[in-house]
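Per-chain numbering from 1; labels A, B, C and D assigned in written order.
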Amino acid sequence: MNTNRIKHVGVFTSGGDSPGMNAALYAIAKAAEKNGIKLTGIKKGYEGLIDGDFTTLKSYDLQKLVHTGGTVLKTARSKRFMELEGRKKALQTLHTNHIDALIAIGGDGTFKGLLAFSEICDIPFIGIPGTIDNDISGTDYTLGFDSAVNTAIENIDKIRDTAESHNRIFIVEVMGKDSGYIAIHSGLTTGADAILIPESGKDFIYLLDKVKNYDSEDAFLVVVSEGDEIGAELLATKIKEINANVDLRITRLGHVQRGGNPSALDRMLGVRLGVAAIDVLLLGKKNVMAGVLNNQLHFTVFEEVVKQHQVNDELQELLELITN
Amino acid sequence: MNTNRIKHVGVFTSGGDSPGMNAALYAIAKAAEKNGIKLTGIKKGYEGLIDGDFTTLKSYDLQKLVHTGGTVLKTARSKRFMELEGRKKALQTLHTNHIDALIAIGGDGTFKGLLAFSEICDIPFIGIPGTIDNDISGTDYTLGFDSAVNTAIENIDKIRDTAESHNRIFIVEVMGKDSGYIAIHSGLTTGADAILIPESGKDFIYLLDKVKNYDSEDAFLVVVSEGDEIGAELLATKIKEINANVDLRITRLGHVQRGGNPSALDRMLGVRLGVAAIDVLLLGKKNVMAGVLNNQLHFTVFEEVVKQHQVNDELQELLELITN
Amino acid sequence: MNTNRIKHVGVFTSGGDSPGMNAALYAIAKAAEKNGIKLTGIKKGYEGLIDGDFTTLKSYDLQKLVHTGGTVLKTARSKRFMELEGRKKALQTLHTNHIDALIAIGGDGTFKGLLAFSEICDIPFIGIPGTIDNDISGTDYTLGFDSAVNTAIENIDKIRDTAESHNRIFIVEVMGKDSGYIAIHSGLTTGADAILIPESGKDFIYLLDKVKNYDSEDAFLVVVSEGDEIGAELLATKIKEINANVDLRITRLGHVQRGGNPSALDRMLGVRLGVAAIDVLLLGKKNVMAGVLNNQLHFTVFEEVVKQHQVNDELQELLELITN
Amino acid sequence: MNTNRIKHVGVFTSGGDSPGMNAALYAIAKAAEKNGIKLTGIKKGYEGLIDGDFTTLKSYDLQKLVHTGGTVLKTARSKRFMELEGRKKALQTLHTNHIDALIAIGGDGTFKGLLAFSEICDIPFIGIPGTIDNDISGTDYTLGFDSAVNTAIENIDKIRDTAESHNRIFIVEVMGKDSGYIAIHSGLTTGADAILIPESGKDFIYLLDKVKNYDSEDAFLVVVSEGDEIGAELLATKIKEINANVDLRITRLGHVQRGGNPSALDRMLGVRLGVAAIDVLLLGKKNVMAGVLNNQLHFTVFEEVVKQHQVNDELQELLELITN
């Protein structure tokens, strides 16, 4: 075993922040300490990697932050790292500081960055999927997805109070970029009357059929993914065309879905993946993302990771059954 | 004492729903039962009063709903009641059903309706201030205000996670119509860097001064009342003009502020005002709103109620001190 | 396919209530309606089955209750059903009402009841695992477990505030009966210093070693499963023997872990398993529990289900790594 | 005006921690900075005052912590300060560090300590009432009370789910020491069937009368203050004596009531009182507690503060009406 090769690991968070990142950092610190590995926190993602903006991470401090949202390492998107120039500078920083492995917590873009970096840097990289969008292959859930859905449904539950009090139609737009995961999960779990996601071949016509017969004597909830092509405003217009009497409101949940204390599942996922990242480094692997696939630890090469994560068939069938 | 005059009370909720309305209904039912008064629930506000859309309210059932948002009586805005024709029909409905007193839970518009109705109907009316906006004179807080602020700050706390992780400026727009109460409370209690409310003589220039020197190394939170004249988009434009490098996002909290389980304060306020409404009817009073002013039960004639509730001097001074 | 055999399904909840049961009932109702199956709700578990205490379940009504805790069908433990006499009476009730399949949502005891009942009743039974304890084989999670853990950690997070403010040791006892699942999940996700579960071969000695060196300059959190043999009081005594100066408190989270709105995961699990229960009945299967194993729908015969669900190796290793 | 006399203020938190203390510290720091006053944070209450365990408080840092529970200054009970010896040492520490005014956030015991200290130390002291128990005269609410009640009712709401699902009696014991405030507020706002508080002349007989007729077909919730003389266990015994068939559980909410993010009201109270403490120091006052009485800023001399705060008549009457 080449355990002794890894002496100093750098870790950073990149892309949008997501709840559970601090739990992952805690577990990484704990596992590193247990294995006698030095751990350096790199601030603001690839920006800090280029600039050598470092901090020390101790499990003793992070233990108090397992329950917190955001990321103590801060995060950023880095234009400089998209240029070869920037990546060369990052490589220099790694050498200067004798960092011999990297753990990156982030989404799609983060792993594309690692792939590009691997062309000039041959130390091992381990990825951890951190994004609320759940749009990454090789894991059942990304870090932050469950928290985002819980935030979404708590807010949709509140909206239901008003919708029922007024017999009103509410169109609630949730996040997820090109992925319908947040929408389908939050819609199915709040008793939504219709759910619109980008992956669905079906258009919004079925929704209009339901609305045509809507008698204005009850709430009617529509959950729309921000990635769905119709968009909340146009949908509202179409609904009013078909049934002019409806009382209708649009709410965009927005950035609240991105923050807040992580859910139990996300904290646990962070702990599991953080420990797995150190374990797999010690086993000599490189350039894989640690995920939990079919509820088991699973490691996927970056080339596979960046492929689109599709809403699976079981979910699509549930959507069909429940909302039609 | 003319206690024996009141035998049958009708109650309705009107205008926007607000958390705590069901708690008030519970207390009204309890107090009515204790005093041998028949209680009829009128559905959908003035609409149900016109149409005789009634339901029975028992404290036994409402006891299970004290903790719920929305209103079990449903609510609506009524165009018909704004016409004399509609009010005459409502009067007829009251007579037909031998209702000899009315309790109305709602906002400004609700009390204006009662004033107009009092010109042709001389049974006693009692109002309870139910609106999240806290824009009613004669009470420290309206029913639902504290819940709305709690919902707002829990969401702003989540946004802080992301703002700090990204060193980002967030403009958060909160509700309140023409009143800055929700904005000033939610801004002062979330460590906001700036708060913009319609009542403030001050314009947003002071905010721009702060932003000019903002070094993009931390979060910067702005809470704006929806009633403030500048508006989130224009504010964003102004900020970018003064400091082009900032990373800025706008979030509108929207309708989530209106729903959800009521806070402890709102439930308690509902219980206090519900019991007070029955008590004051039994004392022979009419056409007053029951409120809690300076933390004491207080009854205000409708003519006074509909005057604008101003953000008081202490709050204005706090705003000045904390955000400048 | 014998799809046409099933015309009338009865469903009941049994044992302790758990969050997500109403979501499962909603999905069962929806799937039954889509497939032209009559659905009857049986109240109070086996008690209602014996007595014919029935109610009608419509997806239209249940849609408003997906987000609620508890069970609208009520639940109970039935001594009568443990006797052959009671089961014969239940059989008679089923025949009289032409119910030709049963869906039962409950725990270990519920499935043992179905096994005993299957000796005299040959209509198909489908089980759905509903218990907060996660002590059932054949599913990654039982309905209610994730909600219970989320409730536990939100409360432990609050306790952390006080523990850190006072530099205090807190022993927090969580539920789970003989299973350490709630303890291990809630301990690992709150930065607990020690976690005691019944499945661990390790005794509490390692904890005492940590406490011996505890310098009273920080919080120290211990999460103990109610099934662990030492118990919170004896543990407190042992700790004080080893370090007399510590400031120590015990908190039992108790029944709050059992109620509350279900988490996103539990609602989704309820929806998935509810639909799966109807699907599998239509496929002609009988006497299996629908679960989600390795994140895939999975059906397990009752004989296997009632075997003990062990905390798996990965979790045990995490426990070892994180808390030692 | 003797504004220029105060140049250096020390602040500490003492007694049990309570949500809102950090919000108060933020406001104190902001107001001190605006007025050119140096601010020193004293750690662990009177212990830090004796030992000179100090830290610097900046509004820039505290702004990020307005929403957090506990106290960043830590808190402790001090045996040494109860002796003249300890107080003399504290006096010496103040002189050495040129601290010319003290702000103390705490409860009853804290203010007694200030009174004793005032015998040998003549710099001005200002108190802020910080305790969840609401047992202090001179203020409508103490800092932390509203948060504790909100935590209590959210947990009692969860217990209601189980109580209704099982038709069960629940006895829920809440905190409050000798004060029934938390019990009466949390009971009235959760639809409790009975509430037992120490201040009530009435014994638990009325409760037994209700239970005698309880038909076990619904939930029955009892909220008991920890200060009530009967206690949950004896009450349970009495209930079972009168109605042997009931299904009954006891839950003690315990320390969770003390922590957690402060509610909107507590944050606002912290901000108001923090600013008021600095303001009143600048006006030359000394040895008063800043409170909000009848919703107005109010200053009470310590001698009055330490008198018992009684549950007022309106609340007692509500209790009588709602639960009988």
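Just so it is clear, a contact is a pair of C-beta atoms (placed from the backbone, for glycine too) under 8 Å apart; a residue touches a chain by one contact, two chains touch by 3 or more.
Being a predicted model, the structure only gives us computed values, none of them experimental.
Under the contact definition, chain B and chain D share no contacting chain.
The minimum number of touch steps separating chain A from chain D is 2. For chain D, the chain with the farthest CA centroid is A. Mean C-alpha positions place chain A and chain C at a centre distance of 28 Å. Centroid to centroid, with C-alpha atoms defining each point, chain C and chain D lie 36 Å apart.
Separation between the centroids of chain B and chain C, computed from CA atoms only, is 40 Å.
The residues of chain C that reach two or more other chains are 157, 160, 164, listed in rising order. Within the complex formed with chain A, the chain B residues making contact are 13, 16-17, 19, 68-71, 74-76, 151, 155, 157-162, 164-167, 170, 249, 251-256, 258-260.
Taken in their complex, chain B has these residues touching chain D: 23, 26-27, 30-31, 34, 62-67, 140, 146, 149-150, 153-154, 157, 160, 164, 185-186, 188-191, 193, 219, 261, 263-265, 267-268, 271-272, 275, 293-297, 314, 318, 321-322.
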